[in-house]
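Down below is the structure, laid out as structure tokens.
Each chain carries a letter (A, B and C) given by its place in the written order, and its residues are counted from 1.
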Amino acid sequence: MRARVTLQIEVAFSEPVRSANTLLRLTPRPFDGLHVLDWFVGVEPVATLRRIEDGYGNMSHSCSHAGPLERIAITAEGQVETQDAAGVSRGLHEKQPLDLFLRHSHDGPGEEITAFAKSVSGADRLSRLHLLMGALHDRIAFAPTDSAPRAAAAVFAEGKGCAREIAQIFVTAARSQNIPARFVSGLLLDGAEGAAFHAWAEAHVDGIGWIAFDGALGFCPRDVHLRLAHGVDYWSAAPWRQAFSGYADQKVETRLKVTAARQASWQTQQ
Amino acid sequence: MLARTADNIYWVSRYLERADFLARLIEASNRISALPTTYAAKQDEWTSVLIASGADETFPDHFDTANEANVIAYLAFDDRNLSSIRNCIEFARTNARAVRTALTVEMWEHINSAWIKLKAFEQKHSDPTAIDREALIGFLDFVKETSSLYDGFGYRTMLRNDIYYFARLGVSLERADNTARVLDVKYQLLLPEHEPLGGSVDYFQWSAILRSVSALTAYHWVYRESIKPWNVADLLILRQEMPRSLIHCTSEVVRWLDAIGNQYGRHGNAQRQARTIQRKLESASIKEIFQSGLHEFVDGFITDNNGLAKAIAEQYLLG
Amino acid sequence: MSQGFFDEMTNGAADPRAIYSGVANWLRAAPPEILDARRDQAELLFRKIGITFAVYGEKDAAERLIPFDIIPRLLGGDEWARLEAGLIQRVKALNMFLTDIYGRQEILKAGIVPPDLIFRNECYRPEMQGHRAPHDIWTHIAGIDIVRVDDEDFYVLEDNCRTPSGVSYMLENREMMMRLLPGLFADHAVLPVDNYPDNLLASLRSAAPPHCADDPRIVILTPGQFNSAYYEHSFLADKLGVELVEGRDLTVRDDIVYMKTTEGEKRVDVIYRRVDDDFIDPLVFRPDSVLGAAGLMGAYLAGNVTLANAPGAGVADDKAVYTYMPDIIRFYLGEEAKLKNVATWRCREQDALKYVLEHLSELVVKEVNGSGGYGMLVGPHASKEQIETFRQKLLSDPDGFIAQPTLSLSTCPTSFTGGVAPRHVDLRPFVLSGADGVRIVPGGLTRVALKEGSLVVNSSQGGGTKDTWVLATNAK
């Protein structure tokens, strides 16, 4: 799918703040399933955006603003061509070993998620992961929200969560079975509710590599998923993080516009 | 110097000055309420004490009646009252601890010992509404001594640099605020129309006001006559030689702000605002103040002084 | 005297060891009241100065004193020389190991250390991968915990590469001894420790980023006065003559760190941070942290500020990595380790786990990531229930534990109300690494387990401290 994507994040402060620091992971890196034709990230008020490849190989930007500051607007836009690669994320610059993605958070995977993951069996690792995704999709109702993700165990017990939370449960479950898994944040270019921030997981299968699983939607990411960043958990892959100094409430509004142009697919040119 | 260090030092001074003021305020009111009823105040003494100490808004959340025991317990010992004496000492010590290396050893050890004594006192008297007068007087003496010794150690041991200036600035600013608070609550007692009533009742009120800012003896030295309300107002507002008068405190504020500005080579908003307040006081006379309204004048001063504190915080502290 | 332990004063004999003869004579001559009086004096002084520490989770005892024992612990010049050489060697290897782990990872490729031990450890920071710490120094300040079991050997019990504390006690204890027992002190040729702050300052200066050629601005970053080691933070800032900052004093703009002063913002070049990795930057690590500064990691990775110790250094002091230290030293330095490691069973290994489960009542079992004496089973002192609880823990997560024999920690005479008795001690020397080499002052913090028979010396668990006298004269 060829698409023009425009993403805007607008942060408004109830009182002017003294300073703000922002970290963005809003730049997709090309791989076998993604061709980036052009991409631009900007911020307003204008500030120097420093581009750094982070420890995972994600492209990140950071910037700082001095106050008094009432609002910050972040824009990311460009043209991409996504391709259905059956979920396989091949061709990325991998900077970390598989062992990192077997790491458990401080309180461990928890008994319930471990038992759940254990109960899913399959002929091989790949089919087991597919079954795990399906079981998770059946088990946890997908309920999008903007608030910060809760702990995997709590979400699992409640049986309802947003895409980030479901992705985190998938990662936790896979790792509990000694399968390397990582968190992916990105955009859903064409979902039931239109375009939106989204998150899913990737698990590693020997001989194939990293394969993406979307437990929230219940299928492996196809060409409607635009991959932005990955990490051990949500926070290390978060599309944007911000901290400000001052006493103020913060209101965040995001707008995402995607214009699809299916007929002009890059792949069909070959 | 770190802005936070300056902030801490300035607040140690302010909290200790406030503790001292509260102790004197309680003492003075104690004397009034100990008078036989024929001499007793027309206005409710303990309510006005609550107002002067700024605790009148939160007091009803914790107590039903504003009687002596409750008010003293709340003002002196209650940790729910952010400006109680015990909290002032606790906060002063917390601030001092955060910047202990900016203080001299004498200052730190003194304030730390005071805090240890406070803890011991609290352990001994677990019910603050049941503290007898003797223990209370001992406690109030301890509080006044704590503030005075801290000041004295500072005066004797500190280097004369910005750290010292911020410490002195805190004292002067807080003192100005405290004197203004007393004036604000008791202003009607100082109005000339009370004069014909004269009588002993007001005399004791006036002397109590002077006591609360430790100016009773000073009054006699300055005026060499019996206590007259307009003289009390004059003394507390316009007399340069009176260390707790608004004009003296403001001159001190100007002095320390100038010292800071000179050391850093830059004067700003805080200096300008302080000078404006100083000019207003210098050009005022007690006659004009009474004509245009004592209450309005004091209110105006409190507003200006708060504005100045804000400007200082923005320019130098964590504001 | 305790049976089977090396007593540093007597070594089990009727006469004291030669270096302890002065102390032994003094103990014989001093009436118990004198010892009691000196102890009370010491406590009063400590409290007045405010040398206190906070215990997590204890509200009322928010400010406690670490008990100070007035009987010094002595080491001979020859003993110290051996120890010092071993410490220098060990810390060099630790820094090389960290450079390698976040760099080319040769030691993993060579199969010396299993990679999962590194990467599954939460102290490994992926954000640091590919980054070279300035001057290849990761652990500028290391605390190496040492025990001895006889009059020959020193064993390393634990490495602390993150934010080891206790050095202020080392220095204050010495001041206290010179004040309380000037005669005894003068009778011994004690090597000085009071140049530690100068050494620390020199090490930190040498570690400054290249842009500040002449005069780097150094600060100490503290979590604030409610932190258990706050006294130490303010003590060091004072001795070094640098600002003690909290996170809210710092701002990061365009990858440069500033501190807010009364004269406006000033650039900061070196941060000796006493805040854990997790809390130093809410943009990169824990988002809810207010103890660090947003953007600090960006400034660090851009090379504009030095963080001491470097983020991610904790991966080297993991208790499981510890077991590989002799191999690590051999790999990087081509030498045998001068300080011994305590024999350790890695429960991740099948045979070891089997042995440990069969001998739980004899062993000390430690959580790989635990610290401060928490999460630890001391077999010989544990109840049946405690042992069973640990058995279950071990079975469910063998990778998370190591086990060691109950060490016969040496004992030192320790003073109590009305008497003197031997108590177990360890030693934490502080090793400073700068661009210009390694610095150690002779001595360290001697920690003493005050409870009879106890082997846990941590201050959070009822341990006390002693002054450590390294003498100019030799023990043998």
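Convention: a residue touches a chain if its C-beta (ideal position, glycine included) is under 8 Å from a C-beta of that chain, and two chains touch if they have at least 3 such contacts.
From a predicted model like this one, the values you see are computed outputs, not experimental measurements.
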Chain pair, most C-beta pairs within the contact cut-off: A-C
Chain occupying the middle, per Cα centroid: C
Maximum centroid distance from chain C, chain identifier (CA atoms): B
Chain B-chain C separation of Cα centroids, rounded to whole Å: 47
CA centroid of chain A to CA centroid of chain B, Å: 58
Centroid distance [mean C-alpha coordinates] between chain C and chain A, Å: 40
Chain B, residues touching no fewer than two other chains: none
Residue list for chain C, restricted to those that touch at least two other chains: 248
Touching residues (chain side chain C, partner chain A) in the complex: 115-116, 118-122, 124-130, 248, 251-255, 282-284, 286-287, 294-295, 298, 301-302, 397
Interfacial residue positions of chain B with respect to chain C in the complex: 1-6, 94, 97-98, 100-101, 108-109, 112-113, 116, 162, 166, 260, 264, 266, 316-318
In the complex, chain C residues that touch chain B: 47-50, 224-225, 230, 234, 237-238, 243-246, 248-249, 259-263
Complex interface listing, chain A residues touching chain C: 18-19, 21-23, 48, 50, 52, 54-56, 62, 64, 66, 95-97, 99-100, 102-104, 106, 108, 148, 231-232, 235-236, 241-245
